[in-house]
């Protein structure tokens, strides 16, 4: 296998000798272990590993590697995935009216801070097309109404398939995706929304946060699941505010948190730092090299 | 009036000339303005002032000061209160089983970091009596059952009256106070509880925060109101956690946030930094001198 | 005076009756006080006010307003400035190789989140011109060598004069400005740099922060003064890091803090929230309306 | 070996097959791996492991375990240590005048939040003896002058030896320890001090932080080394402050950060989460169980 980084994400029931078995397997195939991050959930008796391998001295094809690992994985009852760093992932960004998250992702991409192809932008409005044009990314305007929702989602799916998309980022896309759509892309849709302590259900959350006089506001990035806003949490952050804040200034502060939280979540996903287990996202720290 | 600091907390409908009128009033009575903090809520058209005065050069009795100010206040349609620094406030702490907030408050008090009398500790259990003894504070054990709730609250009220209590701190008192009790002490009961984004209603919140894989946990201090945990928020804070946290370690981290947030809230109240307006607590920053 | 917001920034020796005098002055000229923020420094015996006025009902010309206020100001020994919201400020951004702060400012400006004209970008390199082009801002490439430093700074000054620039933002401009240049623009140059606890002098600070195993890294925005990096601090922030961070990942995290801290500092300056006193920047919170 | 948790801390040059070798070793001796945390420093080519083992099914004596592991360790060129959870560590706290860190540690210990014996308190003053008495911990008053420094440190050493002390916590002990003293207890002395961005050398740092108008203040806990305040950093934190803060209020905020940062550092040390390498403290997160 030519020199490159290979990442395995593994989860399985906890059992004696797991680390030894996995690391011996890769060791014997000639891989150098660049980093090996683990997490044992003693409550659920489950084991998780993110292992990054340098394939330079490994004399094995992709196919053989995967077939051989499959034998061990079955024996240990593992769920697993493997990722080759050189295979760039394709990302679709979905937006509506709000531009801060879109700008942020496009700019980070342009600066080389998130490693992927931004293949396309899809929106139910035409408003943000000029930004797509600035950054030279194809922009698809697919309007949606109650009546055309199913049809529009079909068009979105066609585009995602056509562009071979690996990750869908809902960068303030203000539409509720259908159950069918979400189930088509499990753990492949990242959503961002504002967060409060306490939470405010319903419309105008910044207005209600203001009325309640909260002292912190925040944002949460999570995988989209059928239970709206209840998917596994990838990243969260907050900022301190004061009584001088108004619904309008809160929105501005919130926007800054949203863009940062979303960017971190997207980066963690693209770097294969995340294993989802039940409703928890295990996010391994960026391993330094 | 002998040399001391006097604090006025004022709220009224916003109108032209307010600052000039208030500050001129105090200026003419011979007070030196130590600090003057204001907040104009342009949305609700309301005005708030916290003004701290040095009474050294003022030649007016308390009674006259209050009577004279009342005239101006009525004219401007103000709600207001006045506080004399030398009159130490009496504080009651209510606890159940958990000791971290109790320790924290007693120790800060002993170190001179919160300026008040800690007059008594009331608990529905006997467990924390040794801590009260360590710090030499009277401890009243008033057990409670469903049947005796009303009677126990009566005993509590008697104690509060007897000790002339100005502030009741629920430092992890795990009983729901009756509507009647809460209404007897408006904006005089501070409660602390854990907080999450998103919020988790019901039992075992740390277990549920763990199951959801949240990345931040926090605490909120607020005035107790009849709507449980819905009173005006005084202070909040959060800490970052990871998937390695368990319900048990989350509790430990949560305890550290609770004690700090509660201590800050109690200090802000005792220093008369707070004006409550509708369901918002306007908390002016500690003015430096 | 036509309807608009006028902001006065005032500092003077503390003395009795100040608030009353200032607010009465504006009240009598027919201004409505939108917000009035004060700070009394009891240690230095100085008084600071930021007062925002609605000029709608004021029947006075700019010139008369300033002349009349000058009489009061002289009497009270004030240093002061006045700012008319409708007069948009002109901003120059200076950069070298690094793009994250530049992108951030251009994008916020485009989104309407910072209210000013971004009149020009000046760089000692040509590298970031494509970004300027994307956002349609004039870009001046003025290379610099030891020998041409004085001449180059002269060219910069000419451009700043020609564009009538009010604020110079050094968005990672990696040149040390001459004493003469800095003295030409007192409190009109904002700089951003990384910050550590403890601080690391000299080259490669991220390398050295890594070697020391620091747990937090941060950034500081300040006004440029002749003592390099010693000017009044406008804004600071930090992020938590771990031993897994490398000099490279630290730089990435640092970049995110820098852009946010710089953006907040620029916004505070443009909204006239800052009064500099000795080496301290008094930054009043954004007053909500 | 009777049922208990055993923790190994290991560092060695990075090399192929390390994880497999270590985990196989423990697996074959019958240990169950409770958690296995690793860190590969690709820059320095070094490997670090914290592995926690359940000894319940292991049929090997302590001595045999250590002898056997020594063979493997020598082969791989490891530095290592082993810790048995049931052997409680003895802690000495050194203080001068300031009580907040002392209170905090005593109280956490009493609440069962830090697992150790607090064997004694040593001070160069008598002031804090009443606190020691409250918590029933022996207090040794060993005054110090320039002339008696050497002698006093000798007395301190005798006490530490007599009490078989494993960890010395300098909880605001305001004396500079001699090089000889520090070298006697490598990585066994934890110190806490305030931290600023930028740093302020010399006396009265809070005064100087105030004069500079810093927006954040913090604290750093580190191992004491001969280069004062330059030892490996274990934990740091900061709080946001404003221009309203005075040197006095800064001290109060600083005290709250110090106690929390010191408590976290002591806990990490006692739980054997730390491996020191050059001047870096690798602090593994508390592993959840």
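By written order: A, B, C and D. Residues from 1 in each chain.
Assume a contact is a pair of C-beta atoms (placed from the backbone, for glycine too) under 8 Å apart; a residue touches a chain by one contact, two chains touch by 3 or more.
Here's who's who by UniProt: A, B, C, D = Formyltetrahydrofolate deformylase.
Note that this is a predicted model, so its numbers are computed, not measured.
Look at the contact of subunit A with subunit C and you find the same residues on each copy: over half of the numbers used there are shared.
Each chain gets a centre from the mean of its Cα atoms; the one farthest from the centre of subunit A is B.
Chain pair with the larger contact count among C-D and A-D is C-D, by C-beta pairs in contact. One finds 37 Å separating the Cα centroids of subunit A and subunit D. Between subunit C and subunit D the centroid-to-centroid distance comes to 41 Å (mean Cα coordinates, whole Å). In subunit C, the residues that reach two or more other chains under the touch definition are 42, 242, 244, 246, 287-289. Residues 39, 42-43, 195-199, 210-216, 218, 220, 229, 232-238, 242-244, 246-247, 278-283 of subunit D are the ones that touch subunit C when the two sit in their complex.
Every residue of subunit A that touches subunit D in the complex is listed here, in rising order: 16-20, 23-24, 27, 32-38, 40-42, 240, 287-289. On the side of subunit A, the complex with subunit C involves touching residues 99-100, 103-104, 107, 110-111, 113, 134-135, 242, 244-246, 248-249, 252, 255-256, 260, 285-289.
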